[in-house]
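Okay, handing you the structure first.
Chain lettering (A, B, C and D) follows the sequence in which the chains are written, and residue indices restart at 1 in each chain.
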């Protein structure tokens, strides 16, 4: 059976072609409204992938992925309000999060905190940010010309423009294409990391940190590296989210935000990269469907799904379906079985 | 929760053919959203109003009664001949107290369902999410709840109370009644901060003094330290803009500390979340609130309305407060403008509104102010007595002076900002 | 090459090691024996950087390594195999060995070394099998291969023969004897047959101290050593 | 002087409150290595149990002290049987599954009772200290907390049931070999932890509003307190509660409640870094 996350080039190629195809074809065939919805789903898929890097690939249990997503959004919002141009703010959204993760990760991993404590610290971090962001309604809290505006959030934030052409704001359709391309890029980044030599070291650290140490690998540093990359991607997703929404409020730091990301990942399948993408799209669509003329509370559905999947389908939809197909294939197809003793 | 047998229609997967049509249209010119409003895409058999309200999640205590109020207005409008011969159709979206869904549904209402009016948004955050989207896709927006004031946007009409209305006369009145020294507390966000600022401004004009000004995040439930601080400061009254379920803790702990009978409370917000019904009388007795509507207002129009409301939704229908009744008032004010204009077309309705559309309902008369797109209205002073409101004073025709003077949409139709406090 | 001076480890009030002076020279195969609770496992954990000693010094080739973490110690040229196999269950045999060889030496070296070791430990057939699906003896062999992959000067093995079949034990003994020229070995072991096959020198631990140290045949035939093992039996009776 | 006294009292109340809403979680975590992120919802269910039974005419004290823990314990039994049982030994999965449970429970309770705040009046009168007043009910909270602590300590240390429970967590096979049913012991422990959460919910109901989402306000703090406390249920959690209670209360008094809250979380982060195994790991090895 193939090792999880190992690059299977055919699958990677198929997924890439699918995403790219969607970016090119859908604007020609779908309505603006559907495109706008797909844009935000794709943003969330990028966010799901960021946790895939941190948790799925790196085994770092981050309960506060929303912290980096939200900070990315705020960084972009503050920077673009001040600069009036989006190129540098996008870079900042990524870099600042990498830096924040570096500091936080240094503190956690060099202190050799166990998984559970990493979970607590990241959770605390997002709660602190949530509380802090909520308490900035005093006009005193402003960075340059951007007021943070507390609980109400920052409204009317400039979208992304063509690099260095402040006048050329992206249209919603162009934003859709950009977001899909970003999703493709992040997906390929994940695949590249997983397939690289360092990616193998990361996988080794996740599976058995003691053995990795005994091979001479500095597991703290490996975890730190993967944490920084995952957080930077989450920051990038935050910036794309603000581009879509034109708005950012402390909600982005909320517990339910972090919970959502984990639910997408678990339902889709945390051992793969396509799984979280599928999970993000499917569950987002489900939640927005529930809001139109339904009496069922979205929390009941999300919470129920999470419990069912953790207990009954712990690997998530995609790996389960894939393995099911593979075993069917072994049973009926010409492929030879391989049992090892 | 509500079962409606009228034109109210929850939006499922209908409208497919129109979506296809839109797709075709888009295939030709995708990057210009304005094209979407081309008249061919517009269904002409009914006038459509979208309700974007939190019907689940933390804010549904506001959203659900507000939807009932809207439904009542829609039913009455249809019963009186609809809008210029067409029925008014209400399309409901449950935003689930989730800002992302506000954006998604605003896009859906404007682009896919192509409504004539989007009515809703409860918090200021939700309004600020919706407003730019509806501006971009040229869909008229009506915001009908109490809020912090200052929105200046030609595409948006606000019919709720703003802080200046509830402070300008009520604060001096209270100072006369109880004394000059007041301690301000509030939820930590814009609206309560602005309320606090106005209370200082108008309080000082009346010779009062705001001795402190403390704000609390919405999830704070423990107020022991605050109560001690207030006891130290010994003000003549407490001026509260606390909001939400967690903050009920303050009133409970205040009463438990024996303070309710010692230092009286003036509140901008008590009652907007039906606090008077959630707390037992011994914890709320004597709290006073200036606000645009109480179910207890003693007028023929209101008595009639309340009885119709209960006839429609039953005896245990939720209390309609100044927030939720906005759904009724706002819908009617807009419908009046549509009738005056003879069409639901956006430009015509804006012009009709700016011509000073006025409508009288259970909470008195609302008149649209042309320059700032806010309505002036009556303010009632209520005292919490035995878990119900006892209106004891009325100020008529209070002006939205938060926004007035700074915002002139007649002179500058392109103006689109939200002014902060002064 | 590996020395300890007056090594003391105390848990609460209990001395697990009570002043151990140990030395081994380059190129030898050195076995640690002793009844359960004698302190050999604690000694192994201190030397491999898993616990810090209460006092005393550990040095490798003259440099002090006291208190360094496992990864640092490994980087100094020590290979470690713990008692329970520490492996990556979802990885292939090939990748596991590759990881051992890759650190600090690059991909080309790792590829070459992996091929050599797959051959040398006769793991070629299972190269692409997942480690988690292998039988115990094979897993032990994979772990030893991954340790060898780092080309350590000194290899520390904690009960490598435990749970192995006789054939596996013979294979391992032959391997150690074959590698003796290139690596030194420090082996904690119970299996006397195995020790007799491989050991140059033997150190006996008893009550947290070194009881006897010397050439393999001399130590194993010592009456005092036999008494310790018997005495242990008595104490538990 | 009066001020010092009242501030001290408030500090004690703050500590007791944290302990009260953490102890159930501490038992479930300390004894079973299960992290129950739905802890806040167990409190919420207890609070609803108290409020609804009081509204139905039951005496308030019975509602708070008997009905609330019973309802939550029953709920805990069901949850253990349906959900937790499949997850023993999978720490992270218990976290995820109970997170799901938390969302699910909030959703279901919202569908039943709506988002309307319910509540009961704070019983008892006012304690006067000079110019200051404090609800006497606060002292009840302190008292009940002390009582609960004493009971838990007694049960864990002195009774066979407690010894059995502790032994089961360390070696279930052994206990099974001795003829006990470890599953039943797990279930009982979980139910007791849940019941204590319910008791906390019931007792805090008169101080705060009761809404389906009320648990969120407590769960993070309880979680942090328990993790900082480490494996020792009473000593560890008690120390953590004392530190966090004093820090948040005094910071809140001199500045604002936001900074008070932030200081609590910051203190938690720093403490975890300094004591990665919690207070219990550092100071009270093997204690309860």
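Keep this in mind: a contact is a pair of C-beta atoms (placed from the backbone, for glycine too) under 8 Å apart; a residue touches a chain by one contact, two chains touch by 3 or more.
What you see is a predicted model, and the numbers here were worked out from it, not measured in a lab.
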Open item on the list: As a test of understanding: of all chains, whose mean C-alpha position lies farthest from that of subunit D?
Closed with: C
Task: Most central chain, judged by mean C-alpha position against the global CA mean - done: A
- [ ] Provide the C-alpha centroid distance between subunit B and subunit C, rounded to the nearest whole angstrom.
- [x] 75
TODO: Indicate the whole-number Å distance between the mean C-alpha point of subunit C and the mean C-alpha point of subunit D.
DONE: 47
Task: Between subunit D and subunit B, distance of the C-alpha-averaged centres to the nearest whole Å - done: 38
Open item on the list: Taking the mean of the C-alpha atoms as each chain's centre, how many Å separate subunit A from subunit D?
Closed with: 33
Task: For subunit A, residues that touch 2 or more chains besides their own - done: 131, 134-135, 295, 297-299
Task: subunit B, residues touching no fewer than two other chains - done: 56, 188, 215, 217
Open item on the list: Can you list every residue of subunit D that touches 2 or more other chains, as numbers and ranges?
Closed with: 110, 216, 256, 258, 261
Task: Each pair of chains that touches, named by its two labels - done: A-B, A-C, A-D, B-D
Open item on the list: With touch defined as at the start, can you tell me which subunit C residues reach subunit A in the complex?
Closed with: 48, 69-71, 74-75, 80-82, 86-92, 95, 98-100, 102-104, 107, 110, 126, 129-130, 133-135, 143, 146-147, 150
Task: Residues of subunit B touching subunit A in the complex - done: 1, 9-12, 19, 22-23, 26-27, 30-33, 36, 56, 92-96, 98-101, 103-105, 107-108, 111-112, 123-125, 128-129, 131-133, 187-190, 193, 215, 217-218, 418, 420
Open item on the list: List the residues on subunit B that touch subunit D in their complex, please.
Closed with: 56-61, 64, 188, 214-217, 219-222, 224-229, 231-232, 234, 245-246, 248-249, 252-253, 255-259, 273-275, 278-280, 282-283, 318
TODO: Please name which positions on subunit D make contact with subunit A in the complex.
DONE: 35, 83, 86-87, 91-93, 95-97, 99-108, 110-111, 216, 220, 223-224, 227, 256, 258, 261-262, 265-266, 268-269, 272-273, 276
TODO: Note which residues of subunit D are touching subunit B in the complex, please.
DONE: 3, 6-7, 10, 13-14, 17, 110, 114-122, 124-126, 128, 131-138, 206-209, 211, 213-214, 216-217, 249, 252-253, 256-258, 260-261
